[in-house]
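In structure tokens below, several structures.
You will see two complexes here that share chain A, one where it goes with chain B and one where it goes with chain C.
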Partner chain A sequence: MSALLQASDLTKAYRLKSAPFARPAYHLAVNAVELALEPRERLGVVGESGSGKSTLGRLLLGLTAPTRGEVLFEGQSHARRKPGDWTRFRMRSSLVQQNPLSALNPQMTIGEQVAEAVQVHRLSNRAGARDRAATMLEQVGLSSGMMNRFPHQMSGGQRQRVVIARALILDPRLVVFDEAVSALDVSVQAQVVALLRSLWRERDLAYVFITHDLRVVRHLVDRIAVMYLGRMVETGDIRSVYSAPRHPYTRALLASVPTLDPTIRNIAPPIRGELDPGRARQGCAFRSRCPHAFERCEREVPAMRQLGSQQVACHIAEQFNPAPTRQMEVAR
Partner chain B sequence: MISFILARFARAVIVLVLAVTFVFVILRVSGDPAEQMLGDLASPEAIAIVRANWGLDKSIPEQFLIYAGNALHGDFGVSTTDGRPVFTIIAERVPKTLIITISSFLLTVLLGVPIGILTAVRRGSAADKAVMTGAVVGYSVPSFLLGVGIIFLFAVWLRVLPSSGSSTWQHAVLPILTGTLAGAAGISRFVRSAMIDILDQPYIAAARADGVPEWEIILRHALPNAAIPLVTLLGFSAGGLLGGSVLIETVFAWPGLGSGFSQAVSYGNLTVVQAMVLTFTAFMVTINLTVDILYAVLNPKIRLQGNDAS
Partner chain C sequence: MSTLLEVRDLVVEAPASGVRIIDGVSLSLEGGQTLGLVGESGCGKSMTCYAIGGMLPRGVLRSGGEVRLGGGTERPTIAMIFQDPTSSLNPVHTIGYYLETALHRHQGLKGNDARLEAIRLLERVGIDRAKSRLRSYPHQFSGGMNQRVMIAHALAAKPQLLIADEPTTALDVTTQAQILYLLEELRAETGMALLIVSHDLGVIARLADRAAVMYCGKIVETAPVAELLGRPAHPYAKALIDCMPSIDPEDTEPPRPIPGTVPLLTDLPQGCHFHPRCVRATAECSARFPAPEEIRTSHEVACYHPVAA
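This part shows the complex of A and B:
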């Protein structure tokens, strides 16, 4: 098996609060997701809040156990991992979260936090761990003189660099970036995006970049997966998905991206309303907001189908042939 | 850091002076102390003699200056009931109270903090629910009622421990137990909720993703962060134990400051009440000062005040 990371039928159900003795209700945060990631591949996962993308990230890293399905890393299933295997996996994987202030321990210095993974896995003595942390901090554009600072003494952009340094210090094969740049100002965001691109070039690193920001993600990934209510609705090469989205939801998402070009104005939002978890029971989860929904969408969950260079879960995806809603250039 | 501690220390001294002044004045304007000492049936002549003897015929500011001058030399006068030096009476009772409060406090921490951590880690489990139900009960029952219940259980029913007095170490067990149970209940509930809150923080998820072992996450990441609010609460709880000594020592006839204070108040023993209020205030101020300093030591945001980068 050549895939670095593979998820099959991955499902996470959360029990909803219900009245005593009532039949328990469940919310499917992640629903039958299939996913494979090659070494050094960069996958973007996009969707609105509540689409299950963060839960997917936690499942991939084994931070929460799936209700059904499994995740394999380098051919080994999380479910069959023994404590020692977990340690090995933890050394080869990492997590970068949204708000860098809450992602850093307010009581520990920057140096201690960046060096922690080195020390926990006994890869070096104290001084060696500090040296590695200093080198890593320099690689993310921070001076090693910041080692003795506390998180509250830094700016938001600096903190996010610290979080990235902490995630990369053991040179992992896999990183999950969960909204890693969403909390930053646009100018700082651009710097961090450039940093991530250069860090990736120098490393044997594959990552899953979870975001709701369609503009940022196109600078950072090779492939994109669109999630709606816990289901993956479309996936494929980022160029083809952005230039010819097949799923009505992807088309709506891309059409709603704001642009600075005054000749292109979206007067009416392409879809209305909010996520409706009640619709996830049967049929297509998107049908209540889909302008093209018809009778079949009510009873049958659309299966993932290969269509050209991408995979789509829509009964009538063929109708949305290449004519795109709007072109978005994909930077490389 | 040093200037922070000095500022807090100065404030503590001011609080002490204000509290003593306040009590001194209140005791003199809320009724004639001489009448309180002698009772309703005393003759006017007797009252006049007592007033002159104790200097109560002078103006209040004058009385205060004399009192403060003597107090600074360690002279707090003599007890109005038995004529013994007040300093001796306090010196006898302070260790008795400290035995009960310090032991109760240490046991409160040793019991409450681990219980809080364990219930937070096992939140939602049957053990968590059972322990927390017990904690609510322990926290809700007033200490004098708890004390009476404990006397009934151990002294009357099981007959294993003495219920009153202080002649042997066994006599200290029940008062300490009473103080500990109520305190530990509050502390464990607080530690539990603080730990649950912190264990949900993203930096805990990050540490887990880095492979930090769970016990190290709890001890190195979560506990130091929970300790900041906990120190404040421990200050309250130490103060509560001192204040509660008035009730607990009375219930167990333990001859400490608390029971001494309630006796002195009921006999109108002016000099002893004044000195005991001074002692209690000094303890409270010391506790608050300790909390403030610990707070600064534990929290880098306060420790490093003044040299922040943006």
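This part shows the complex of A and C:
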């Protein structure tokens, strides 16, 4: 099967503030990312804030242009898209963001907002668009009686359902979720997780799920990509990455997640420090926080390579095999 | 250890809208212990903290019950840290000014003494190059570093009780692990008690000795944390545990949602507030709120039909 979405050498640089006439400095928000997504595949992208995961999502949807590299959707490059091609692409892709209240128009009813895309693309008349919106709202678990409500008259969970309905009304092939469930209360979050799982089962739909929450993403995706300072450091199917993480950063991330086991307590944090963008210039960007860093990590960027069922960008990833348990990592 | 904090039948209301935010909350905390308060947004866990700290917002009043601090005549010192450290800090003051004024107020330190103590506190909370950081402003720090500054500021008061209201919610998971460990270390070092509030049962599991579960302004269950997580008795506590997504790769069961939504405080259901969402509810539950009952040693639950362990 050919890939639905493909990114190669994808790079986005932002110019940093610098003194007049000084050589310009850049921050590489996304750095040489390679990625392929099959139809109906669900990919999670995780990392700390500042890792470039949201920028990656925007690049994939063509909402911002890459500095280098390209994105292909159904074989066509974003860079070569003409306005008409963009319209077609917009019908086949959508974005769901974190805060539904700011994503929704406070002056439009729920029905109007969900139906809007149908009308914009002239797929149906007004009444037909309304019918489609009502059906879509029911599919996300909202009664069609809510059509005439305004966003402020709904709860946070209901609003996020509206945003999901709006994203899915044109039956897209790709949806990027950027922290779509992070702000919800756990009981509502579990409802939205169940909804996203069932919507996916019924549709020809691929997900890119961007989040900092390693717990939720575990139940939503088939494959996961871990990002650190703009680079992808590990990718693989979710089960193998979670049971045998190879990259020291993935291991630290997973070990940092608080679990419901009250016997795991008073343990030293798995990594010290915070993201340090200054380290991205040369060598492995993670080396300043990595407990295993050695001289080679200073000068050589580790290449992404296949190790078992995973791809890892670490010089010494072999050391972390076989499956170390969470407790072993933690006890280090 | 003696009882440091005793809250009995606390009622907090917003008279203008006639809303009862906290309805008869009772808690107690021994010196040096950690109590966790868990619940979803709007359940009143933050308001409980504000009532204990005597810092209820304008328009919100304590209309009943009592908050007793310390057994003897001497009132223990309380310090508090919040969810969003960057907006809790005054942007026009340097970190040094912020800490030194606190040290002056609480410990009477001045000039160089205050500066040295501020450096020591910053180092203690894990900020490197502390001396040069005294001249930094909050906007030059990350969220995690500002939370460390807040903790250093809290320590300047030498509190017997530290109230931490969602201290890691805005932070990355790696920083969260660091801050939780720091709080645990400091608690052990100083012997202070800790009241930790979180919507995340994982955070509570990592820090608390005992935990109380709140729903719609009431405490529905209180138990030692291992007991609460292992043998929850209140259907809401159990449901809250079941809807926490697990990261265990062998556990493929998705989080189990709780049907319905948290009711508005202006429109609370009669009787037990959880009954419309509860699978075990009977007619009794919609008639009267169940009184808390001790089902095992120091394990209290307010439910007519508790889940059998």
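Quick note on the criterion: the second predicted complex is superposed on the first by the 321 of 332 C-alpha atoms of A that agree within 3 Å, B and C clash if a C-alpha of one lies under 4 Å from a C-alpha of the other, contacts with A are read in each partner's own complex, and residues count from 1 in each chain.
Everything below uses one rule, namely that contacts are C-beta pairs under 8 Å (C-beta built on N, C-alpha and C of every residue); 3 or more make two chains touch, one makes a residue touch a chain.
Nothing here was measured: the structure is a model prediction, and the numbers come from that model.
By the touch criterion defined above, A:His152 reaches chain B but does not reach chain C.
Of the two partner chains placed by the overlay, only chain B lies in contact with A:Arg90; chain C stays clear of it.
Contact with chain C, but none with chain B, is seen for A:His212 once the two complexes are overlaid on the shared chain. Shared-chain residue A:Ala3: touches no atom of chain B or chain C.
Of the two partner chains, chain C is the only one touched by A:Tyr242; chain B is not. In the superposed model, A:Ala103 lies in contact with chain B only, and not with chain C. Within the superposed three-chain arrangement, the count of touched residues of chain A is higher for C, of the candidates chain B and chain C. In the superposed model, A:Ala13 lies in contact with neither chain B nor chain C.
Across the superposed pair, chain B and chain C both touch chain A at residues 155.
Taken together, the chain A residues at the contact with chain C in this complex read 48-49, 155, 157-158, 185-191, 193-194, 197, 212-216, 218-219, 238-240, 242-243, 252-272, 274.
The touching residues of chain B, when paired with chain A in their complex, are 201-203, 205-213, 216, 221, 224-225, 298-301, 304, 308-310. Residues 58, 61, 63, 86-87, 89-91, 93-95, 97-99, 102-108, 116-117, 120-121, 149-150, 152-155, 163, 166-167, 170 of chain A are the ones touching chain B in the complex.
Contact residues of chain C toward chain A in the complex are 40-41, 142, 144-145, 172-178, 180-181, 184, 188, 199-203, 205-207, 225-226, 229, 239-241, 243-250, 254-258, 261-262.
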